[in-house]
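Naming follows writing order (A, B, C and D), and every chain is counted from residue 1.
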Amino acid sequence: MAGNSFGTLLRITTWGESHGPAIGAVVDGVPSRLPLSEADIQPFLDRRRPGQSRFTTQRQESDQVRILSGVFEGRTTGTPIQLLIENQDQRSKDYGEIAERFRPGHADYTYWMKYGIRDYRGGGRSSARETAARVAAGAVARVILARSAPGNAIRIRGALVQLGPHPIDRSRWDWAEVERNPLFCPDPGSVGLWSDFLDGVRRSGSSIGAVVELVAENVPPGLGDPVYGKLDADLAAALMGINAVKGVEIGDGFAVAALSGEDNADEMRARPGGGVDFLSNHAGGILGGISSGQDIVARFAVKPTSSILTPRRTIDIHGHDTEIVTKGRHDPCVGIRAVPVGEAMMACVLADHLLRHRANAGLVPL
Amino acid sequence: MAGNSFGTLLRITTWGESHGPAIGAVVDGVPSRLPLSEADIQPFLDRRRPGQSRFTTQRQESDQVRILSGVFEGRTTGTPIQLLIENQDQRSKDYGEIAERFRPGHADYTYWMKYGIRDYRGGGRSSARETAARVAAGAVARVILARSAPGNAIRIRGALVQLGPHPIDRSRWDWAEVERNPLFCPDPGSVGLWSDFLDGVRRSGSSIGAVVELVAENVPPGLGDPVYGKLDADLAAALMGINAVKGVEIGDGFAVAALSGEDNADEMRARPGGGVDFLSNHAGGILGGISSGQDIVARFAVKPTSSILTPRRTIDIHGHDTEIVTKGRHDPCVGIRAVPVGEAMMACVLADHLLRHRANAGLVPL
Amino acid sequence: MAGNSFGTLLRITTWGESHGPAIGAVVDGVPSRLPLSEADIQPFLDRRRPGQSRFTTQRQESDQVRILSGVFEGRTTGTPIQLLIENQDQRSKDYGEIAERFRPGHADYTYWMKYGIRDYRGGGRSSARETAARVAAGAVARVILARSAPGNAIRIRGALVQLGPHPIDRSRWDWAEVERNPLFCPDPGSVGLWSDFLDGVRRSGSSIGAVVELVAENVPPGLGDPVYGKLDADLAAALMGINAVKGVEIGDGFAVAALSGEDNADEMRARPGGGVDFLSNHAGGILGGISSGQDIVARFAVKPTSSILTPRRTIDIHGHDTEIVTKGRHDPCVGIRAVPVGEAMMACVLADHLLRHRANAGLVPL
Amino acid sequence: MAGNSFGTLLRITTWGESHGPAIGAVVDGVPSRLPLSEADIQPFLDRRRPGQSRFTTQRQESDQVRILSGVFEGRTTGTPIQLLIENQDQRSKDYGEIAERFRPGHADYTYWMKYGIRDYRGGGRSSARETAARVAAGAVARVILARSAPGNAIRIRGALVQLGPHPIDRSRWDWAEVERNPLFCPDPGSVGLWSDFLDGVRRSGSSIGAVVELVAENVPPGLGDPVYGKLDADLAAALMGINAVKGVEIGDGFAVAALSGEDNADEMRARPGGGVDFLSNHAGGILGGISSGQDIVARFAVKPTSSILTPRRTIDIHGHDTEIVTKGRHDPCVGIRAVPVGEAMMACVLADHLLRHRANAGLVPL
């Protein structure tokens, strides 16, 4: 399958380069008659938008989304929804230096090796700018999720749980705090430390990695299509496919390696009135690739931006040794803006599986 | 897409339950005229086969594979290759106890919630037995990889790098050692410790997690289909979809969170005579979702088996509180036999991307 | 996508060659808890089975199907269903002559050009024998269709409406007659003529074409996924993909070219008590790629078998001019046994779209 | 799969409604470094554009295409190509009457039944306007086909071979004539008759059907992916999925029903210097679902437009009996403008299969 689409019944196709006229997403498979307007999408784009604090790139983009199709009189029609975002601040002059040199750790080199041509302006298609289209699509997916259960719909939230070497103190986790600081930090006690640390990174023209955590609440049991369309496998692909991500965990993640079967077992008790209570959630809400009804918990690690001021040894497109310094506007920590991107990818995966589950469930009454 | 297939041009479909008459895989999209016989597949199945040491389940399966289609006079014909493995040792009596109770941490519960019916014998479709079909398919994928470059073909190897709380000492890594001990341990200095530790786990009827590392050598640059068919995204899905896996890393994985851009940059030097030398491999051989030509390094974490002798609190299918103890034959550490399974999944993903790359490359001479 | 699968949510993968040990189909995506056993499948295979009259090949195959997976205690589990049919009568000696010569009008030549290798025994994968796997899969699809509406489930029937130059008289159409004669002819008045005609064809070692018509009743409105997953487009692919088919029509088919808009309009009247009555069915039950609730009517044309006794000029695999005469056992009219195959393909397409429709419908109450 | 995409390696996704702000296509999977600009696409859109003669709708659309992504410095980059066409002449007042009534023979009713909502303005997504996006995508596919063989690239042409009850005289076929008359008629002797006939249809506010024939030359042998990705099956889906199409034929099509095996056999002779000459082309260039190297010949039948001035009985969205007369601008014969649309669909299918074939061919030298 050509590589710029994902999802089975809810199918997202994104297009566009950092410095082209526009970027966008086609969202196909949205059930009809759901209320949808730009106002449902814009707030999520605004969360991801650059230039909102000193901790993100100073590129100025209003990221105004336009719905070009698939909506009639305020409701979805079941036809593909084209979401278009114009590029505005494309100072191409900033990027002249990287036209012929590869930034170590960047996709510059591999795009060149694969395609033999490269839109070097701002990273072209490999730019983090592409993630705006993901966020727009994710907002549409959330409209589907909002219908998953009356009064108890699926909710997805994300936060930064580690910035560079500094993890949060989980005992202080406060979801409300995430919206109060520009770092999506859920730990009020870490915000100051992180801000100071990141100021240092920024001033030295360096960059730093991070870890993002996502939580989906109210996910009904039964989502996931084993054994190769497992919910966790689809989440892993969706999150690993975000720019700069190098690791994905579900639930306890790599910590399970050190666990015994006794410790790892999420014991169960019947809930008075029906349903089940789990006494722990090492599994992160997914067992055998299928949602259990517990919160789905996923984490992903984001590497530091490769655009830094310290010279690095590299080669140019002619195969000669050289050095590179990346000036221009860049995020000192792309992990920050990866929070809304991760949420969007999780929303797309869950909405797709929700639709897939509906297809197969209930042909015979339970 | 129905969930028991994966891959685009090389497409694997597996079928079968732990205690049905047989399991198998259909491998579609294999180029024609490649030499193939059961002898190319059996050694890989033998590596995964249970009952070979005291550290794996004592279920006795010869795991003899039969090619039912797609091969004519010793060569592939381009038509689908059906690989069939009969089940032999299906002591169903061992599993009577779990017919109505859910093992905490196991897919028992989620299959029941999704499907309303469950082949509880040996875990049915969610059994690790399904991975034999993956290994058989992976062996066919290796036949494709063997053609990737004359004398320099892609090679995939795996090893266990952590058993429970005990990681290997990487300074002692020896690939030859992996084939000498039943734990796929590359560190001669860890084998004794691990054996003793695992004996303790086994004798107490407990289980333990592990971490597997995979390395693919000689992968040409250019494999991967950004931005949603990225090579690392497809690897993440393939590895996360293996039974009991809870985390996947590429290259430095979660450690990148603490890295600076300077440290993370894999600097490059022109190689005399052509090509490029990277001075490090934090990226694990993948940049922007495309292979760079460096070794591809991936790791995945495997949780402990949920089948243990210590009673755990659970519910039954009627919604009543109860306890469960899982007797019968089980792996104390499923992570061990996950090594050949992980290799197979990586082989399938790389072979698929190799074919996809061929479709798109070279229409215009570079 | 590799070419031996079709369907989106109900996904069929077939495998196997005419003279290999077995053929089969994996049916993935079947909802769980549907009653299913070999007895639900065998009658459809028996209808297609060769050697039942003098009008079909005398190859003797019992075509006994075995379910190897996906069914537990008589009900589907939601996991893939492997259907296996062993080949029994593989008189390979009959086919020695065609090993190096291409039958004009047969896939011999194109398989050779595409794959550079060819299992020439009985046509290998391009043999009509592959259609047994389609029929088996179609029987499983019918089990899904049987649940489409209580007491009013989707029903699919087919008939031969033209044999060589002899069309039926539609005024005498009798579905019961289809089951009474070996030609699937719905017109009692044509059976004698057709039998005599076909005896002549058979005795002269020739072959002849035919037209098959399929009717699906009780299809609910709303199936079909415009604009590239249209119900008629998927039916067209499914029917054109049957061996030897060269044309497909929906409703009036090619006759619409000569119709005016007035004549083509299927006028509508409100049905007392709800629903709609159409006053004609030129559309064949599909408008804009979506089922209208009327009977779905499709036809397909089957060419004459290329295996005939009259010498034809051809070349051999070495590129030399030669002639070929095809002895051995062959159907004088493959169109006859295409009737159950066409029904099966239609069943698979409708069941897939039924599931797809369920995914998207009803998220908001109408 | 969500329904607004088609193709495997060359993947087309279209979006947009007749009276929305724009329509477009995302073309993904185009190999990199191919020269491409709007000038390669516009001529094909101009051929399909309405309002160019009195025989097509008088809606005025300049159909100017813009490439928003995937092209850098005049060459493709391997990333998705977004083609955008703004809608200009959207006289919505013309369509007020059909907002609540269903045109018999139109998708009005089925969209309503499937989606419960309908963008009735100009037919919304089911409008023939959507085919402009297909034509734009087809022009990109032709750029791939142009690379299929140096000096001997695949060429696709189409013509109208029947208008209403009037077929052409094939003995007078002249490809140059197709470009000289507004009816895409290849028979100079039919143009006058057809024009007079169509004037009568138009003046009476009626409409009429037609048959289109497509021919692809220089197609190499080996394209097609049996047995469910057959080239003819994919063509059948692509052509049946064009608005108003009710039948598809390959080669002799339905006429094969009356042929004997002797007559149907396309005999072969070795070509001096290599290759093969076929003595006839009943097969239309496809055998066993794979191209033979002969011209690929396909035909499709287009029904008359359902928008006519004569009142037809119908119901409204409230389920009441009523009548409908469709005023406004409509094509008296949508079959005419279906010629460039059919060519585009064939180009997309062939380009996709060309890429798929490249993936699988040549891993072992022939």
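By our rule, a contact is a pair of C-beta atoms (placed from the backbone, for glycine too) under 8 Å apart; a residue touches a chain by one contact, two chains touch by 3 or more.
All of these numbers come straight from a predicted model, not from anything done at the bench.
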In terms of CA centroids, furthest away from subunit C sits chain A
With contacts counted as defined, which of the two, C-D or A-C, has more C-beta pairs across the interface?
C-D
How many angstrom between the C-alpha centroids of subunit D and subunit A?
38
From the C-alpha centre of subunit C to that of subunit D, how far is it in Å?
26
Nearest whole angstrom, what separates the Cα centre of subunit A from the Cα centre of subunit C?
45
Per-residue overlap in subunit B, given as positions that touch at least 2 other chains:
1-5, 8-9, 14, 29, 32-33, 78-79, 114, 116, 125, 226, 361, 364
Using the touch rule from the top, collect the residues of subunit C that touch subunit D in their complex.
1-6, 8, 12, 14, 102-107, 109-111, 113-114, 116, 125-126, 130, 162-165, 201, 206-211, 221-230, 232-241, 243, 245-270, 274, 276, 279, 282-284, 286-293, 301-308, 310, 312-315, 319-321, 335, 357, 361, 364, 366
Taking the touch rule as given, give the residues of subunit A at its contact with subunit C in the complex, in rising order.
1, 8-9, 29, 31-34, 78-79, 144, 147, 226, 355-356, 358-361, 363-364
In their complex, what parts of subunit D are in touch with subunit A?
1-5, 7-11, 13-17, 20-24, 26, 28-29, 32-33, 66, 68-70, 72, 75-82, 114-119, 124-125
